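Single-structure report; data block below.
Which chain is which? They are A, B, C and D, in the order written, and residues in each are numbered from 1.
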């Protein structure tokens, strides 16, 4: 029997039964695994970290995309950094206000593998004329980019992988360069590792980096069952944004209606509650 | 190296390093393990299921106790079913309104082991004169019980263990007998297994059972990191109670202040958001 | 990280790191896995049981084939039952006395997979004009078979898999039918599961079955490191054969020289000692 | 469920179910675990390495002791280095020729734990008046030792643990000091780690060290099922000793009879065959 095994932290390991290995190899940038788990459907791991599983990728991607999109009054131009599965773009494009999405992923081969092995995840996005998909280093892309973005979504691999091409994308310099391409009330959202008391180094590193470039930074979390953790995200902006439950709720309901947005997996009650983290975590955030 | 291993579901297993085995054996009623994990502190397992770990038992017990206690305007008499570690009683007794707590746990030997191996968890409770601790079958106890309770807390082992003495405590008959000892606006809360889409049989069994006896039943969840799941709880009452985020929040803040209750691990924002479950779960609740 | 995990017995499990999954699927007859392990090279599992690994398949196949071949004074016609990897045939064909080898394996698709993924194992055999390879149920084959064999080698999957097509091949009826195709001093050898005191049910089942058809039956064992057990084999004949160390040694040396046979992995000292099992095992053989 | 997990090599890990943890802690010298496995009985691990299990400790200790004892024509004075369980002494004392056994183990606390948790293993030895048990560093002991030994048995923990107090006991200097206390035809035997092709560094290190002090060194192996490896031993002497199967067999039979020695677990056929290692191993010995 094949088992996919991944450390959850220094002490614990989660092992999952693999019913079928779909693809295993190395692109120019990263090692990939695509496999089926009876309980999670098709799962994708990059450099030894589960990225998404079919059973709950909608939770992960809705929680990544919609708080930032709904925090902005009228997002038209959106930048996606990474997001090779196509599911982040799919969620962004559900907002009818959106006119132009630029998705920059360094790894063309990985995106091709996703189109082959998880075609349903990104199909609607990849065929949407509003999507402009570029295979490029995001930092190089920004050098020549002439756009100003309303929302930026970072769907990069987890920060613990310091050897990955994504490591510099969590640096202060990068966010300062990025900010030049963000409109004044633009919102940045990024996945930000597990939210577990005592294991917040990765998440706090992202917070520190963002706090050096943005005046307003908020953390929120959503359980992604196949990750076996409360998963952390951060949202950041030069300007203030709603981040307390009752206010968020009203704003989200109003804007979702405006944009004809119907959430399937998370829901506005769950997303607007996602900022109410327990003290055991907030006490340890920097 | 010793490892504590437990299935999370049909596919996945969580293995945790054991730095020290403290106690292992069988009482008249159940098999117990007390062990230290570097990352979770002392952990307790009964019949192969982790019950609580020092690192986050406060999350588990606060989330179990306070929503029910705060949903009641003035809880004076409280019944705890199970709760051998003493931590459930500890949380109940933090409400200054409480005059009398009857804790009924069938397993005296397990409670003694808890006093020995995790003395700090229940110390304040076991020495509190308001606590009346009885080692008895809860169903037998109710036969002769003359009290009427404002709040009942079920801290019993998980429903998957059908051979455990706790199995009948999840039956309709039991809740009907119990209800005779509950005042009209009394609130029942019980832990109710993991809240994971596709794995809700246990949780739904409890809901069905409660719905047959109580008019109002609500589910809520809180992440307990050492359980590796969003953990489910249910709250039930003959009368309606607040269970939408903004109302709950105001009510909880007001009553907590009245009772001088200061939450350390969860917090009122987190607890009042705990009812806002994602659609992926609410769609599968019965 | 992928891990291949297999129970060694009711208590213990061996997990091995998988560096690359080569093939995984189901033929008409069995489930197969081909994967690379850094330490064992390419490994093959059928129905959840490791069959052979590149690092020590030579040990396994030499120990299976040569004792029977060397116990016969002049083996010309040989039947191989199973043996899809081609390595059993390769070892048989190294005896220059051999004129005709009939290999009957029910699973054509598995043999094709072996040719693709482990070509070096069976190459010499599959191209040898003395090999007659048939994809057929061995029992059906015997019905119309006109040959009489000097040596019969059973390289079938392990007896614990009672649902496998090989299960009937371990029955008394089968061996009685087979015997009609064996010359008077013909020798039968078969792999016979792990030789571990307290876990000899599988091995003893084969012994019982063979003892009902053959007057002389002997067990021997060879360590196959990637199996993590002393592996058992049985040899059987109507006539007596040498099975005590000094006699075997002389006979093997003499016949190996005659047939120009040079053992690479095991060696005649190791093979002639393989019958000297410890009392902890012989005490439990039936 | 508790599991005892130990790496077999860089790739593979063996996990065994633990039915009961008996003792776990740290003496002045080493970390110990005593636990029950349903399949192996009580097992002992030191510094993370299984030392012996009840199910096959007789195999391990017979294979360690008797080849050296039977290679000597009349062993009267025997030195045991380590051997805290008492089982090595037990086997040595079964030779009626033996008059005086000095057992030097550095770890008094570990020996006490063995007497408590596995009393039957060493009982006969610890109460035998011929046994002289000293808790001392063996190297210090030798400085003042006035004895000359016929047989020396090294039952020390495995060489992979370079931080253990036993590491220097595998050095050339030590064996040269030891040799001064050995009679001319004295025999040394020591356990020497797993005998697995491609993983012979530990075993070869011992061979190199012994070859620098003794003219004759031979390796042999015996399967110890609970170790999941062919286990290696070395025997060394200034003078030649029988180490080919037929000669050994005759010598062992003769001397065992003389000394009224009856082997229960291994047997003289198995022990005299133990030197016939496969070429896959002998090709890699230095």
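FYI, a contact is a pair of C-beta atoms (placed from the backbone, for glycine too) under 8 Å apart; a residue touches a chain by one contact, two chains touch by 3 or more.
Please read these numbers as outputs of a predicted model, since none were measured by experiment.
Each chain gets a centre from the mean of its Cα atoms; the one farthest from the centre of chain D is A. Chain A and chain C have Cα centroids lying 53 Å from one another.
Here the CA centre of chain A is 57 Å from the CA centre of chain D. If you average the CA atoms of chain A and of chain B, the two centres end up 34 Å from each other. In chain A, the residues that reach two or more other chains under the touch definition are 15. Here, these are the chain pairs in contact: A-B, A-C, B-D, C-D.
Residues of chain B that touch chain D in their complex: 1-6, 15, 18, 20-21, 24, 33, 35, 48. On the side of chain D, the complex with chain C involves touching residues 8-17, 37-40, 55-56, 58-59, 196-198, 221-223, 225, 228-230, 245-246, 249, 263-267, 269-270, 272-274, 276-280, 282.
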